[in-house]
Amino acid sequence: MTADTSGWGIPVGYANEFLLDREILDKDDTPVGKVDDLDFEILPDGSPVLSAILCGPTALGPRLGGRLGTWWVSIARRLRPNDDPTPVHVGIDDVDHVDRETLRLRITGSNAGTLRLQRWVDAKIVKRIPGGE
Amino acid sequence: MATAQLMADEVLRGRTTLAYADTVVTDAENDVSAVQTAFDTRQPPDATSITLRDEFDNVLQDAVTAAQDLRIAVRRDDAHAIRDGLDEAAKAVAQLQRYSR
Amino acid sequence: MKRLLNLTLGVMTAIGGFVDIGNLVTSGITGARFGMSLAWALLLGTAGMTLYGEMAGRVTAVSRRPIFHVVRERLGVRTAMVNLVASLLLNVLTLAAEIGGVGLALALASSINYILWVPIIGFLVWFFIWKVPFAVIERVFGLLGLALMVFVVALFHLHTHWHALASGIVNPVVPSGEGHPTWWFYAISLIGAALVPYQVFFFSSGGIEEKWSVEHLGEMRANALIGFPLGGLLSLAIMAAAVPVLQPRSIGVNHLGEVGLPVIAALGKVGLIIMLLGFFAATFAAAVESAMSSGYITAQYLGWSWGKQVRPSQAPRFHVVCLITVLLGTAFMLTTVDPVKVTLVSVVLGAAAIPLTFFPILVVANDRRLMGKHANGRIVNALGFAFFVVIVAVSVATLPLLFITKAGQ
Amino acid sequence: MRLVEVIGCAVVDAGGQSLGEVHDVRLVADGPRDANGRSRYRLDALVVGAGGMAHKLGYSHDAVSGPWPLASIFRRTIRRSLVVPWSEVEAFDRPTIRIGVRKADLTSLADADDRRDDT
């Protein structure tokens, strides 16, 4: 359709086939989450343009749908510091490239804001078990 | 019951460890007494079956006792007692088979 | 030379890893009760595990990503969530059964009631996940599990009627006095014992932990194509050994101790001790593997970091899921449920859940964008699809049979 | 607008005929440039109708061609998936999307011209 190889390495594609549910790795190859949802901004001409990758339990919940989804989101909100229902946004400028399996960031995971739960679990549980340093 | 008999045989032939034999025979004893308990809790429908039930219960009781004796003998590793227990068990099994026909 | 050693190690650990409490119990029960008339189910299950194990390993090595990523990408969040929840529940059930199995093995060795061993075993399982390197767990227990070869030796020492055994395998007949539903229930239990979901996840995630890539395809294939079938052979030996010793005396297998009677009859004390070592290693390894499998699939579904290559503080959520699984499994065993019953139910439910995992594997192994020239060939596809139809049928029949036969009574 | 709000919406064509639910979207990298000078992804079209599962599994692409007979079954369901350009959307009021064209004027996902350019 187009020879333009801009974008993130795949010029034209379907969300389910190259982006949604893919693993997100930071620039050091550390897993930082999954592409749980996508956020679009609507341009003045009415066309939606991808503005962020959404990540984390509050993004996943609505996709599960039904009672499980609602329940999932309410638990996830409680685990967040300020009961904030907005999921973690990974800005499109921080994305390096995608292939069909992974989405790679140009920043480290700690800057992407997706590792809050991991750090909490580490500090509150794992570090307190002998040998958990 | 057959499990306990086979196990006791192997004990006599010195082919097993006592711990293993003890565990197996204890389990077997529990199984037999579980059968008896299950049987005793059944409500017999009429007078003839009450008599029959009592007879069969006696036979079951013999089996339980035989299993107990075997277990005790095995635990003490007493060859003589094990042989007695085996005889007892064989009788109980023969009776059980008569009733199950 | 080192390569060859690795290969042998891999194959042997696959044998040891394949056999767990499920195989011990189902093979023992069916051999004692049905002779060799259900050997076909064991062989079928093993063939299926080999086929799909190889496929899963190939997808893992080529894409360098474990299977549960693929499950979510291809099945979508919701169906994958169903698979995740089902697999997690099964892992807890399987883990409980394995912990019970280790307890029973220790009880047979010590005559101390298994229930007293359960908390200690639970702790040890967690400790191994927490501290012991992956390769050590896999190799030490895989190799010790080979002690179960003693059943093969026993088979040669017993007065085995090889001809009758073989004809039992080739012409299966439902023994008189046994109902067809019961016979089919145990057939499913044997298929399920070979196809436990955690084994697929562990095999694949373990490949990532060992850094498999396309160059390791040969090693992976050898593990799957030699290891799993030999593991199946071991199960077959357990079944066959029960036939001459237990069946004529109509001894039913209700406890792990009865599974071992043929070895005692054939080989005496030495055989008994080796066998107990095998029981212990096989069930303990499986306990560790099923608990880790929970951590693996949860982390892979949600995109967390996982595994034993990184320090616990780098994968804290993975370790917490493993810990919770161990706690739940241990607590369940402490309710004094019969480990043998738990085993039967877990293998049968496992057979019902496995299509959700095998289906995406079969599809992805056909995706040439991902697999390139390593995609499935025609023969593998034909066999894979045929077996998939079989397990779907099994999965549909499982619950009705479970209730009709009251778990095979 | 989150993708989850679009997925699952029922699509109704200009004649009032229901086309099924949205199960995927086509993204084309021809939007305004981002901070790194790359074109941003624009939501170009909705994929509507049966075959969501088959599409997700990968069967809309030629590279997934087995195993028989699953491949041919899934291929057939994908033929019933329609591609609806976003520019045709007239009203987006979750859970319904109204479009300004008729079903007959839409292309099937299987005929979309970008299917074979990235093997």
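Read from first to last, the chains carry the letters A, B, C and D; within each, the first residue is number 1.
Here is the rule we use: a contact is a pair of C-beta atoms (placed from the backbone, for glycine too) under 8 Å apart; a residue touches a chain by one contact, two chains touch by 3 or more.
All values reported here derive from a predicted model rather than from experimental measurement.
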Counting C-beta pairs in contact, which chain pair has more, A-D or C-D?
A-D
Name the chain with the Cα centroid closest to the overall protein Cα centroid.
C
When centres are defined as mean Cα positions, the distance from chain A to chain D in whole Å is 22
What's the distance between the Cα centroids of chain A and chain B, rounded to whole Å?
65
When the C-alpha atoms of chain C and chain D are each averaged to a single point, how far apart are the two points in Å?
41
Intercentroid distance (Cα basis), chain C paired with chain A, Å:
35
What positions in chain A touch 2 or more of the other chains?
16, 63, 65
Considering chain D alone, which of its residues make contact with at least two other chains?
56, 58, 61, 118
Check each residue of chain C and list the ones that touch at least two other chains.
73, 76, 369
Chains that touch, pairwise:
A-C, A-D, B-C, C-D
Complex contact set, residues of chain D against chain A:
1-4, 7-8, 23-32, 34-36, 38-44, 47, 55-56, 58, 60-61, 86-87, 113-114, 117-118
What part of chain D is in contact with chain C in the complex they form?
53, 56-59, 61, 63-71, 118-119
Would you pull the chain C residues touching chain D in the complex into a rising list?
73-76, 360, 362-364, 366-369, 375-376, 378, 381-382, 384-385
Chain B to chain C touching residues, read off their complex:
2-3, 5-7, 10, 13-20, 22-24, 27, 31
As the complex stands, chain C meets chain A at residues 63, 65, 69, 72-73, 76-78, 81, 130-131, 299, 301-306, 312-314, 316-317, 319-320, 369-370
